[in-house]
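Presented sequentially are two complexes of subunit A, the first with subunit B as partner and the second with subunit C.
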Partner chain A sequence: MNGLRHWFSGVHAWAALIALTLALLIFRDALAWSVRYPNEWVVPLTPWLNSGMNWVIDHFGAYFRAFSDTLAVVMRLVRNLINALPWSVVLALVTVAAFALAGWRLALFSFAAVLYMVVIGFWTQAMNSLALVVLSVPIAVIIGFAIGTLGFASERADRAIRPTMDLLQTVPAFAYLLPILLLFGFGPVVGLIASLLYAVPPMVRNTTLGLRSVNAETVEAGRMSGATTAQLFWRVQVPCAKRQILLGINQTTMAAFSMVIIASIIGGTADIGWEVLTAIRRALFGESLLLGLVIALMAMVMDRLTARIAVREITDRQDQSFAQRYRYWIIALILALGLSLLAQVMPFLSDYPREWRYYPAAQLNAAVTYIVAEFSTSIDLIKRVAFFYVMLPVKMGLERTISPFSWGFTFTDTLKVAYAVAIVALTGVAWLRRGWRIATLSAFIGILLFVGITGMPWPTMAGMAVLLAYQVGGRRMALGMAAGMGFLLLTGIWQEAMLSVYLCGIAVLLSFVIGGTLGVLAAEFRPVSAVLRPINDTLQTMPLFVILIPFVMIFKIGEFTALLAIIAYAIVPSIRYTELGIRGVSPEAIEAGRICGCTPWQLLWRVKLPLASPVIMLGLNQTIMYAIVMLVIAALVGTSDLGQMVYIGLGDGDFGVGIIAGVGMAVIAMLADRMMQTISRKQARN
Partner chain B sequence: MSNNSITIAAALGLAFAATSAQADTIRIPLNDWTGQNLTAQIAGKLLERIGHDVEYVTAGAVPQLAAIAQGSLHFQPEFWDNNVGDIYYDALDRGDIVLVGPLGIESSEGWIYPPYMEESCPGLPSYQALYDCAQAFAAADTFPNGRLITYPADWGTRSRDLVAQIDLPFQPVAGGSEGAMIAELRSAVASQQPILMMFWQPHWLFAEFDFNWVEFDEVDGTCDEGNQSRGNACGFNQANVGKLVNRDFQATWPDAYVLVEALQMDNASQNAMILQVDQDGMSVDEAAEGWLADNEAVWAPWVEAAMAAQD
Partner chain C sequence: MPTAAPEPADATPAASLVPKLSCKNLWKVYGSNPQHWFRDNAVTTDPVALAQGMRAKGLIPAAVNVSFDVAKGEIFVIMGLSGSGKSTVVRCLSRLVEPTYGEILLDGEDLLRKSARELIEIRRHKIGMVFQNFGLMPHLSVIENIAFPLRLQGLAERERRSRVEKVIALVGLEGREKSYPHQLSGGQQQRVGIARSLATEPELWLLDEPFSALDPMIRRQMQDEFLSIQRKLRKSIVFITHDFLEALRIADRIMLMRDGQIVQIGRPVDLIINPADEYVAEFTRDVPLVRVLKAADVLAEKVPEGSAALPGVDAETTIEDLLPMLAGRHDGLSVTRSGQHIGCVTPTSLIDALARRADLHGAAMRGTKSPAVGDAG
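Let's turn to the complex of A and B:
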């Protein structure tokens, strides 16, 4: 047994798999099934899922509808309430709240942000979006708190809750829009439920984590002073975990904001998300940017406010007078009442006049058009280089990429032999110099680049994935990986899954390299950090669709545009975590390095980066997650992977197709996440 | 505190008043393009003239079908039956959605190109010319074949099938989304680059730019899309633009149903209004009112017929 384990984890297994891959490739004409998974072997899950769904609708549809009707009444109420407030009152309230919680800087920012929404003339729509968030956050917080507490109380429940939450966060929302629509009926409630499904998981996680990390002695002290279980929970454990729970609320709020546009795809919302969608449909860059900024600003203000609540010092206010204690409440109340009354005589305080609008969309559109017309040749060159030398080789392999048109020559048999010899030589050198792991990697990449990811035989691809999982995380990880690969194969989405891996893989690699470099620069030079921060904030809160349009206009429909859009979004965690990691390296370690006579360059490579690597790996993990999330959005500019399948399901009203593709993406995301986390944990231990 | 509860009570009252008043409201979907919004507003304003309450609800193309079938929306005055999946035909079969008839808008679908392409490909607009000047339409990722941008993958594969059948040296590239397709057209026109794309009209885009259509061989009757070859290629079967109502619409609002049956719209009127909205910054509401003011002779008989059905 031990011998077998040793054999499995070592060089032999890899050598065998590589040899098998080569054998399958050499005989691939005879063994066509090994490259393209045969359709006859696919388990027809889609019809079952669809008829199962129909059964549920027929039998329980009425209950779901009753639930959503109730929710619809509440939603209408919140909406009317928010819309009844004049804009000037909202402006005053938000500013006072920002000042009370975080001082004049945030107050100024919030004031400008709210004023922006008024000035561009989409106030009602913005408030309708706010209504969605205002309603979904408290519900998500309550549900999330309850589930999180359950996960804390019972180990068994936690084991079921954890993967469910993973699934909810990784299955793209588009995949479950249709089932929600079929179950709950049409209307803004569908958007609300979709946003709940996405916003609950962070609350659950943070609640469980917070409660778990409460000091055991504190709990013991509480118990000794005679607290009942309920008292212990509400008076000791929850207050101690308060900070983590508040962080959960913050993340839940952000998640709810990120669903604003997706929720409007169903319709019935008449909010800013719908306006953005309409602008995107018409490819109006200026409009979609200005409207997307509304959502981004709202999210930024809310983020700062809720994050501030989470870190605020809890001050003792016993000795203050009533007026002192509630001074901000009193100011807010007076301002609100005063402005409401004033709005009666000065109507522009509640209805912003159309003539005062400033909406510079046309100018922005003209700017993009100018760039496109002016730089079309150099843009084309960038695209060609990326296509011929990076993307196509990985996707279809050098054997199909190299042609007189692309590389300037034909890939003759002599050249093919030369390529094989070069790869073998490289592998040999790597083995001698760096050991078998690097050699295996070199051989693998050599084969991959020759036939492309779509030409690799699936039996050995799946085998290698399982083997890798075994080496990283032992038997459990290998089992999980085998189950995941089985799902992708049996449901017949292997090809699309590999295309997703290809697009995500290149995007992650580039994001990690570029983002890591920027992160190092930001950690070393303060001005760089100051420039990068607002850009990162905007990229992260701006609705993802908006990012697409300028890329399409400049780089045209196709995978290159999709790749750039994915990078634009996935690069942010790489930058942030690298900066964070390097800044977190202890000054003593740096000092020690300096005393040993390290140059700044050595200091970076030998001291700072190795010490920061657990955090940087966490950033890589996040980059992978972000890339997979963006895959669905990027499908809007023409890809042919799982992301596209999700839309096909939504467009055809075919529940099964969409959900299988969605779960397929979740499977890839979860496996990548587990692997990365294990690696990062191992590194931290060393 | 008391102030708050008064506000809440007032809002509650409002909300319930609003819900109860809705029982008889006819709900019309607003899709995300101007042409449909105009037809919806005109239909809604006419329904108001015969005494009904109307509410407009924003809705996506597939979700609206589920909504009409379930009865959350009641009347879609302009529905395009191309690019919809089984969800539409299933609902028609079950009778949950009723097709009242054509709206009168003549749609056309096909391949478009900007006029400057006729310089680099002189035989256009005939499709036969495309065989010889595929390279004029080529791009890095399709060379030596021409690049044809088709509908997004989830709208079906008709262009791809046609290219394969008539053996055209073009590579179809899926458009991804309407926004992406339009962005591509805008940028191609801005830099005078070659482009060939599957598109449809009426569409507001034709109010903004000039495009020509690739012409296929003439056929008698409908085009058999699945059976074409070079020299015998009819191109595409054209979509129908119809009026949809919910299953219970006729029973609930018999007079409104008469109006729905009579309602007609033509391309010229709609294009003129689209131009007013998308180019001249007029609101959809104003444009619809403008049409009603100028065309009383057209719609007066519809309203009369509906009023007659009320007694």
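Let's turn to the complex of A and C:
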């Protein structure tokens, strides 16, 4: 047994798998099944799922419809209410709230943001989106708080809740929409329900976490003060966990808004997300930029406001009179009433006149077109280089990429032999200098680049994944990985999954390298940090569609654009965690390094980075998660992976296809997550 | 052996009264299904072997057959190294931790038989507790923290105010009423903790290492204030500390624990002069004897003729103060307690008493450095 384990974890297993890969590749003409998983071996899950769904709709559809009809009534009410508010009142309320919570800076920013929405002339659409958020956040908060409390109270319940929440957050957003669409019918209600599903998990997590981390002695002190269970909960535990719970509300709000925007893809919602999407689809860049800015501003204002509530200091209010204590409420009320009344006399305060609208979309369009045309040669060059020298080799392999058209020459047999010799030599050197792990990696990359990820035989790819999982996390992890690989194969989505891995892999690698470098710079130089922080904040709160816009504008539709958009989003955690990790290295360790005579460069590589590596690994983990999330959205600009499949499933109303692809992505995300978490934990222990 | 040392008749100031609190054969065992070990009556026969058996099976017996009484108005100190089970015992007394076995009698009534509702009433009126890290509610101001237990009881605003003002004055927190815990120093925070625990006017007062998180200087000051509060209020107190000097300053009696078991119960001086075993001797090794021992503890065995006529000192005089008086007085001094002559001390009797201690240490240390009188300086 021990011998077997040793064999598995050592060089032999890898060597065997590499050799098997080579063998399969050499005889691939005879063994075509090993490269392309045969269709006959696919378990026909899609029709089963579809008929299952039909059965549910036939039998329970009426109940779901009744539920959504009820919800729709409430929703219309909220929507009408918000739409009935004159824009000037909303402007005043938001500004006063921002001032009360965070002072004049945020007040000024919020004022400008709301005014922009008014002037640009998409007020109603923005308010329609807001109505969905306003309705879904309180519901999500209540449900999330209840579930979170349950998870806190019962260890057993928590064990069930945790993976469910993981699943809800890792199944791509588009995959949610279709079943909701089928069950609950068309229209804004779908957006509401989807945003509920998506917004509940952060609330649950933060509630449980907050309640768990209340100081044990404080709870004991509460019990010794003679608190009943209910008193203990409402007067001790909840107030002590308040900060974390409020943080949950912040995250829930952002998740809800993000999903509201994504959900507008189903149409019929007349909200701002729909407008942006339409603009992107019609390649109207001026419009999409101006409208994307509306979404971005809404997100920023919402985020800053709700985040401020969480971090607000407790202040002494005992001495204040009623008027002092509620001064902002009073001001807000007076302003709201005053402006409403004034709007009766001066109608422009409630209906912004069309003539006053400023909508420079056409000019912007012209400008963008001009710039893109002006720089078209360099843009084309960047695109070509990335495509032919990086993306295609990984995707299709050098053997299918190198051609006179792309690289300027033919990949002759002589060259192929030379390539093989080079890889063998590299592997040999790596083995001698760096040990077998690096040698294995070198051999693997050599093969991968030759045949491409789509040309790799699936039996050995899956085998290597399982072996890696075994080495990282033992038998349980290996079993999980095997189950995941089995799912991807048996459902027939292996090819698409590999394309997801390819796109994600390149994006993650680049994000990690660039983001890590920026993170190191930010940790070493304060000004860099000061510049990067607001950019990171903005990117992180941005609804995902919006990130696509500038890239589509410049690079048009295509995989390269998708790649850039994914990097733009996934780079943020790499930057953040690297900076955090390096800043967190204890000063004593750094001083010890200095005493030993380290140069700054050595100090970074030998002391800071190794000590920070558990945190940096967590950052890498987050980068992978972010990349997978963005992958689905990037399907909008043309990819051919699982994300695209989810999107197609949604478009065709094919529940089975959409859900299988969605779950496939969730499987990849969760496996990657578990692996990275384990690696990070192991490093922290050493 | 975990048995109490034989106590002199006058060991407790109120030994003749009914104990306020009585803890009998208390066990707390962490781990899976500890109840199972108490089915048959193995407990009374050999608790030590039973605890050993539990440990071998991976359970954690944090309190092993602990029995003691606390008299009305007494300061009973539980001492021991960290992990010895002190907190576990005191949490069992308040049922913050559910004991596995045993009896806890408060005013003769078994606490373990009380329903949840009754327990809440007892905590609201009879027991107060102070915590090592204060356990304050961060979202409440000083005054709200102190009024918190009263609020839970639904006391009227007026009553609440008057009681809170009283305890605030008692602990010296005037002027800080509106502050929040994070704005206070450690010492001030613990004053809030003390005030909160006293606001309900409890009879039994539990303090779990209340001063351990404070700086040494502050700690001394807090001990003095604690003693002065106790002189006013006369609560029955269970006080936990791992600091023997602190125990010496405040204890009427000390219970020393080790691995969940009682090693010795007695007056501070009993632990020093008559340690139950080497562990106790080791524990009290660094105690400055000359400050702890009193004239009454070092009386001459044989009272010389006419010693009553010698110049007198009070029985409570410490050796530290006695030494200069005794210098050059070979015939010794008369020792009196409340005017009554109870014996005499001579330089020889003093040296004999200290030498006995040194012997004990010698045994404990197996020839390592034994504390000389000079250590105390």
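Heads up, the rule we're going with is that the second predicted complex is superposed on the first by the 621 of 686 C-alpha atoms of A that agree within 3 Å, B and C clash if a C-alpha of one lies under 4 Å from a C-alpha of the other, contacts with A are read in each partner's own complex, and residues count from 1 in each chain.
To be clear about the criterion, a residue touches a chain if its C-beta (ideal position, glycine included) is under 8 Å from a C-beta of that chain, and two chains touch if they have at least 3 such contacts.
Keep in mind that this is a model prediction, so the values were computed, not measured.
With the two structures aligned on subunit A, subunit B fits next to subunit C without clashing. Set side by side, subunit B and subunit C differ in how many residues of subunit A they touch, and the one touching more is B.
When the two complexes are overlaid on their common chain A, residue A:636 makes contact with subunit B while staying clear of subunit C.
Once the two complexes are overlaid on the shared chain, A:170 sits clear of subunit B and of subunit C alike. In the superposed model, A:231 makes contact with subunit C only, not with subunit B. Applying the stated contact rule after C-alpha superposition, one finds that A:129 touches neither subunit B nor subunit C. Taking the C-alpha centre of subunit A as the apex, the lines running to the C-alpha centres of subunit B and subunit C meet at 150 degrees, rounded to a multiple of 10.
Contacts of A:223 after superposition on the shared chain: subunit C is touched, whereas subunit B is not.
In the superposed pair of complexes, A:282 makes contact with subunit B only, with no contact to subunit C.
Of the two partner chains placed around the shared chain by superposition, subunit B is the only one that A:647 touches, whereas subunit C remains out of contact.
After overlaying the two complexes on the shared chain, residue contacts for A:240 are found with subunit C alone; subunit B is out of touch. By the touch criterion defined above, A:208 reaches neither subunit B nor subunit C.
With chain A fitted onto itself, subunit B and subunit C come no nearer than 27 Å, counting C-alpha atoms only. Within subunit A, not a single residue is touched by subunit B in the first complex and by subunit C in the second.
Residues 3, 7-8, 11-12, 14-16, 18-19, 29, 32-33, 57-60, 62-67, 70, 72-73, 83, 85-88, 139-141, 143-144, 149, 152-155, 173-184, 186-187, 190-191, 193, 204 of subunit B are the ones that touch subunit A when the two sit in their complex. Residues 73, 76-77, 80-81, 84, 178, 181-182, 185-187, 190, 264-270, 274, 277-278, 280-283, 285, 333, 337, 369, 372-373, 376, 380, 383-384, 387-388, 405-406, 548-549, 552-554, 556-558, 635-640, 644, 647-648, 650-654 of subunit A are the ones that touch subunit B when the two sit in their complex. Those residues of subunit C lying in contact with subunit A across their complex are 91, 94, 96, 120-121, 123-125, 127-129, 131-141, 148-149, 152-153, 178, 180, 193, 196-197, 200.
Contact residues on subunit A toward subunit C in their complex (touch as defined above): 215, 217-228, 231, 235-236, 239-240, 242, 314, 316, 318-319.
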